[in-house]
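Take a look at the structures below.
Below, chain A partners chain B and then partners chain C, in two separate complexes.
Then we have the complex of A and B:
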């Protein structure tokens, strides 16, 4: 691989670039209205709970790239989030017929000594160890609150070490305090990887680069590949669970799209600027409506709109009887949808098609760039207004909303599901490994939702035994009273 | 500190969070960056997928310090968070623990916390910036801070009362099961355990100085806490690494001697427990041939497990120890003690002992002289499989198994361990 000197590696925060907000409470309509009027403002909470930080996404994603070593330039605790992802690593590799393996991480293990004298020496040693021990193709160096506050010069160290190692060293500057928006971490991760992308040696015809984050499983990629094959488009997924060759040649594709328009924005913009790759950013293809939306937008990159229409018609006709069947079982059921907003809205769209009602939708952050159009779509399609909570997690608000809205089911990520279980609500988890994208995904996941209603015994019994941490008065308070703090 | 390949601990903040979550109706209030709470608890499934604590994981209050606090200081944000936490969360103890950012920008946490003196429920703090050390050091720092702020001097010692220290909750996935077995046995010989390390109440922490003895079940973690107790409240301590198998009898005799317990009672309990213990090991004798006969083992774990486990496997089950790699930061004096303990086995089969946190270096040693059986974590299992080594899941991170109630300490734990270990060998998992 060619080694280029480091020029820039600090991406703007989502707050700076897109006016992203991390605190909002109201209805979906209110949020869209405020967004159109331009009156959304950045607010904090005067009570807050553990959230996501900027460093998480680079750490968790970087370990999923083959032939790479992650060097966490931090105290030893930052990288201890990685074990939480190793189950994904195991299952996703298995789905791709890759053998089970460990992820390679080295922590520079900041102690008081490094805080006082700096950690540059230890960083250099760690990078050299990564090279000598594992002979990787890629070494990512990930900064932390501590390295940021004491002013570590990552570039300086990397410029000295790079000539001595074969691996491409990619710094990711992502101090945990930089941004409240988890997507800033994704921008950091993806844009930093551009350092390992080389100018195209050839241009591949009818090939689509699809950015896919950590938590959308291979089982969904397979469905997307199936649909795109029908319109004659080949797919290259980027950048996880593939080797660095697949990253190097990302510049050779015809166009680019994404399975999560929340995370891919800045990367796609930069790829267009640098390599002239046109891109689209439709919402996630979950349920017939959003999958159609996704396919129509994506097909434009290849002038295959007509082919796309034909496939959409065929596929919708194919799954329609199955969805009708599910609709009979699910009609009128009220759901709490818990995930980041890009995912939540896509799931909500599927629930609409299944005849369900959404009482609450959540998002870790909001910006018009990815959120406004799908939000307006759902505001239009939902029979009733739904509550929208924007916050980097913030369990107390979910807990309050679950108690007040008494949803019939929670559809969402693990953190939302376990909270719901303890409040007596049955769950349809959207885990890494869950199949819900595209047409077949709609049927499979719809069936899973129907199954969740059959036997709620665990949630029901559990909820009578658990002591929730909040005072009983909290459950009747205004959910969003702590927004607008210090 | 030197870099670590595939770390086997979290940081000082992690140890502090684990301690608070083990206390009855205690709520940790993190004064840290936004991600620390999740990275160190729920995000970290390495402790056998346990959900533990009154307001833990996603429910854990946290100031989530961003650039604004880094530049202008985080004290007012902390003040606000303590106030709103007390408003929202009903708890018996509010325990502020600070991380790297607060430590680096120099927030005066003591001053902010002192404003809440006289609140209905106690508000205390510990400064556990992640860079102060590993999980074990964080547990010690937070524990010392807690007794400084909560524990009252006792007018007199209560006879036969002890506190248990040194089993770091969550970091040892089997913490609860281990504690339950040790408490069961101590109660049988007439000891009252005040602080067990699992679900301790504020009242028990307040009254901890009345203990006649502190028992530290580790060669490292908890020793500085016991020293602190000794200096401050004149409570002596007995350091005895987590007993497993027949070594438990020696542990109980030691406790009996120090506390001057009724010797007949102690001996009758030991006889009764050993009878059952050996009954099961007789039952095991057929399976022993198939699974453990003449096998060699190595251990990668903290000092708590390293000694007790080696004694059980070598002294009771005739396995041969090869390498014992102790992975936490251990002061030199304690390293010497640990080495000494491991050198004294019933038969002439001494292990090589190293103090090494770096995974790669540990594995270089293991590859030189491969054991049949390895006690380690889930990563070790992956590496071990490639090299034909059977790996028993024991130490952090464990992301391949769910642990709720079981433990490997004492007599009963040793039988559970025997079952799990031989099942692993026989089933080839």
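Then we have the complex of A and C:
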């Protein structure tokens, strides 16, 4: 039995560690300017339609690990988002030739009794049930506000239960009231997984650990593997849709990079501290420029800068005629980009390479650590300034911005699509299976967007038949009237 | 010293934990140790006698202000360079003081306060008898390693000590802190000594040291000082110095055997019979040393 290292049981919040903000309304240039000047703080919303919870990301991500069971140590409602993950879970597993079963989760359904007497017994029962029912290799225990407020010693319970089960138990302490930033939950999730990582038995040569976010579909991973193969680097994706063996030996790689630098920051820092794995954190490899940026940074880990330059030159030359063709069709079209900021900025970069303009970019949160360099890069490149909104799922602001900016298309996550369609704006959604990363992804996604323009009638017809969700007066109001403590 | 010694001192409210903790801190710092004392009580007055009777801004107050807090705003230097920290907490009757202790200790760890100041000894002065998860925070794995309790021979204080033993027993199988001794406070009469010795024997625990009640402590406190600082040549100061030495040399830690409520009741009743017969004798022997501060002044 390996003695599991004690991980930091509570990660610092993003707000605390990186000065992350969850509210901003202005332009891309204003945000960069404010970031440099240090005037981003104290911008909270006085009205908020929704907010993120620390527990959300650990729950959504943990169910994606193979042979694992999630024990949600919370009132059952806290884990109600899990069934919503079935689409990604099934699609992505099928794309990876993995058995397409359902997500496995058990809730301790924390109630009055547990609040008063502590939930340790219920938690132990749930872990034992997970072990007996599913014989998993990994059990993640995801705690909640209630457990945190009463000061439960999660680590202590797990130390007692661990010898009784075969699965590795990984506690993730999530206290939703601590942070408004989605990414604090990523830190919790990834750093807790370090408990399942063991010291290296061997060192794998020229192998790159890549942190993969939930919505990077397998199709994009394949493209990244293809590009890296050309410079002689092998890839080990971590941790989603992989198994516990893959997690166990994550310490054996040569270097680490990420497909989402918003997500992976603290984990990469801790892996370097603990196992001496050097890492880079370039922006997402989407569009020629950002893919080149990503590849150059990543190649440095292996001293393969020259090889990288050669591949970049080759690949850019190869797709350039196709991009030129797409540019003709897309030139001057204005887009609304809706993702969390790391992906928004990368997709925005691709759209602009395709000759499009950015009307609005949005993100759930902003911190200089992953946002400032790509943002300043886009600011330098774009002729026109664009509107930039930061907020955790503030649909009312998105709707308002869509009405005012009247973009030609929405390129975004599924949570943005209905607001756009209701206003007759055609959409190019990013779903499980959407290919947009790297060089081939740029061409494929560009083609998708062109197709969305060819036949916008779904959006046009829908918009004449549905009512808009807010009062007419809201659509002409100042979008950001609630930001800044008014 | 290479590794920081983390020691938690628990006890019933008003029993003299803060007085004892501060005097131990002061004595240790005299002996050349770099000491940090963390008050884990919403009253926030644990370190007052190390700082001339003055309150310091608490960790939670700084956090509440909502801006980036520097460590020097929560760590304040007191007598002889002792690092003073107060966790702070809500006013009586509102909020959750237990959660406050969790938040404060998490913040200190995340800010690398212990690495930055690298004290030789950290003393957690914790309120009460481990009433909830929050007050048990200092005895969890990774915080304190050794626990002492301050107790008089008073039944309620012993009851609190017994509760602490229960808490330690609970956490002991998950790597929590272990017990190292009872600091028997305000013990002036032989009978008081006997009571607490018997409690220690019954619960398979040990007594670190007997500390008599002394007017010099009261005088020092009224000046906002520890006895070590205000009255360094007194007998009481010498007692605290000896206690500090005992604590620093005592590496023993173990799980005590708390009494179940019925056993505790039976034990107490046994003593009450003996005490009734003893009362006359006690009053006759009473000297200035056992006069309570309120009536003595």
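Note that in this section the second predicted complex is superposed on the first by the 478 of 486 C-alpha atoms of A that agree within 3 Å, B and C clash if a C-alpha of one lies under 4 Å from a C-alpha of the other, contacts with A are read in each partner's own complex, and residues count from 1 in each chain.
The rule is short, and it goes like this: a contact is a pair of C-beta atoms (placed from the backbone, for glycine too) under 8 Å apart; a residue touches a chain by one contact, two chains touch by 3 or more.
Source: prediction; values computed, not measured.
Engineer: Do chain B and chain C fit side by side on chain A in the superposed arrangement, or is it a clash?
Structural biologist: After superposition on chain A, chain B vs chain C: fit, no clash.
Engineer: After superposition on the shared chain, which partner residues are touched by A:81: those of chain B (first), chain C (second), both, or neither?
Structural biologist: first
Engineer: Examine A:383 and indicate which partner it touches, taking first as chain B and second as chain C; both and neither are also allowed.
Structural biologist: A:383 sits against neither chain B nor chain C.
Engineer: Just chain B (first), just chain C (second), both, or neither: which does A:19 touch?
Structural biologist: second
Engineer: Which of the two partners, first being chain B and second being chain C, lies in contact with A:114: first, second, both, or neither?
Structural biologist: first
Engineer: When the shared chain A is used to line up the two structures, what angle, as a multiple of 10 degrees, is there at the CA centre of chain A toward chain B and chain C?
Structural biologist: 90
Engineer: Would you sort A:469 into first (chain B), second (chain C), both or neither based on which partner it touches?
Structural biologist: After superposing on A, A:469 lies in contact with chain B but is clear of chain C.
Engineer: Which touches a greater number of chain A residues, chain B or chain C?
Structural biologist: B
Engineer: Contact-wise, after the overlay, does A:157 reach chain B, chain C, both or neither (first, second, both, neither)?
Structural biologist: Once the two structures are laid over each other on A, A:157 reaches chain C alone.
Engineer: Per the contact definition in the header, classify A:149: touching chain B only (first), chain C only (second), both, or neither.
Structural biologist: In the superposed model, A:149 contacts both chain B and chain C.
Engineer: Could you state the shortest Cα distance, in Å, between chain B and chain C after the structures are superposed?
Structural biologist: 6
Engineer: Taking the contacts chain A makes with chain B in one complex and with chain C in the other, which residues are shared?
Structural biologist: Common to the two interfaces on chain A: residues 149-150.
Engineer: Give the list of chain C residues in touch with chain A in this complex.
Structural biologist: These residues of chain C touch chain A: 67-68, 96, 98-99, 101-102, 106, 109-110, 132-134, 136-137, 140-142, 171, 173-176.
Engineer: Along chain B, where are the residues that touch chain A in the complex?
Structural biologist: Contact set of chain B toward chain A: 1-7, 9-14, 27, 30, 33-46, 51, 54-55, 57-67, 69-70, 76-77, 80-81, 84-85, 87-91, 99-101, 104-105, 129-134, 357, 360, 378-379, 382-383, 385, 396-397, 399-400.
Engineer: Quick check on the complex: what are the chain A residues that touch chain B?
Structural biologist: The contact residues of chain A facing chain B are 46-56, 74-81, 83-84, 86-87, 100-102, 104-115, 122, 125-126, 129, 133, 144-146, 149-150, 176-180, 392-393, 395-396, 399, 415, 418-419, 467, 469-471, 474, 482, 485-486.
Engineer: For chain A, which residues are in contact with chain C within the complex?
Structural biologist: For chain A paired with chain C, touching residues are 6, 8-10, 12, 16-17, 19, 41, 118, 148-153, 155-157, 159-160.
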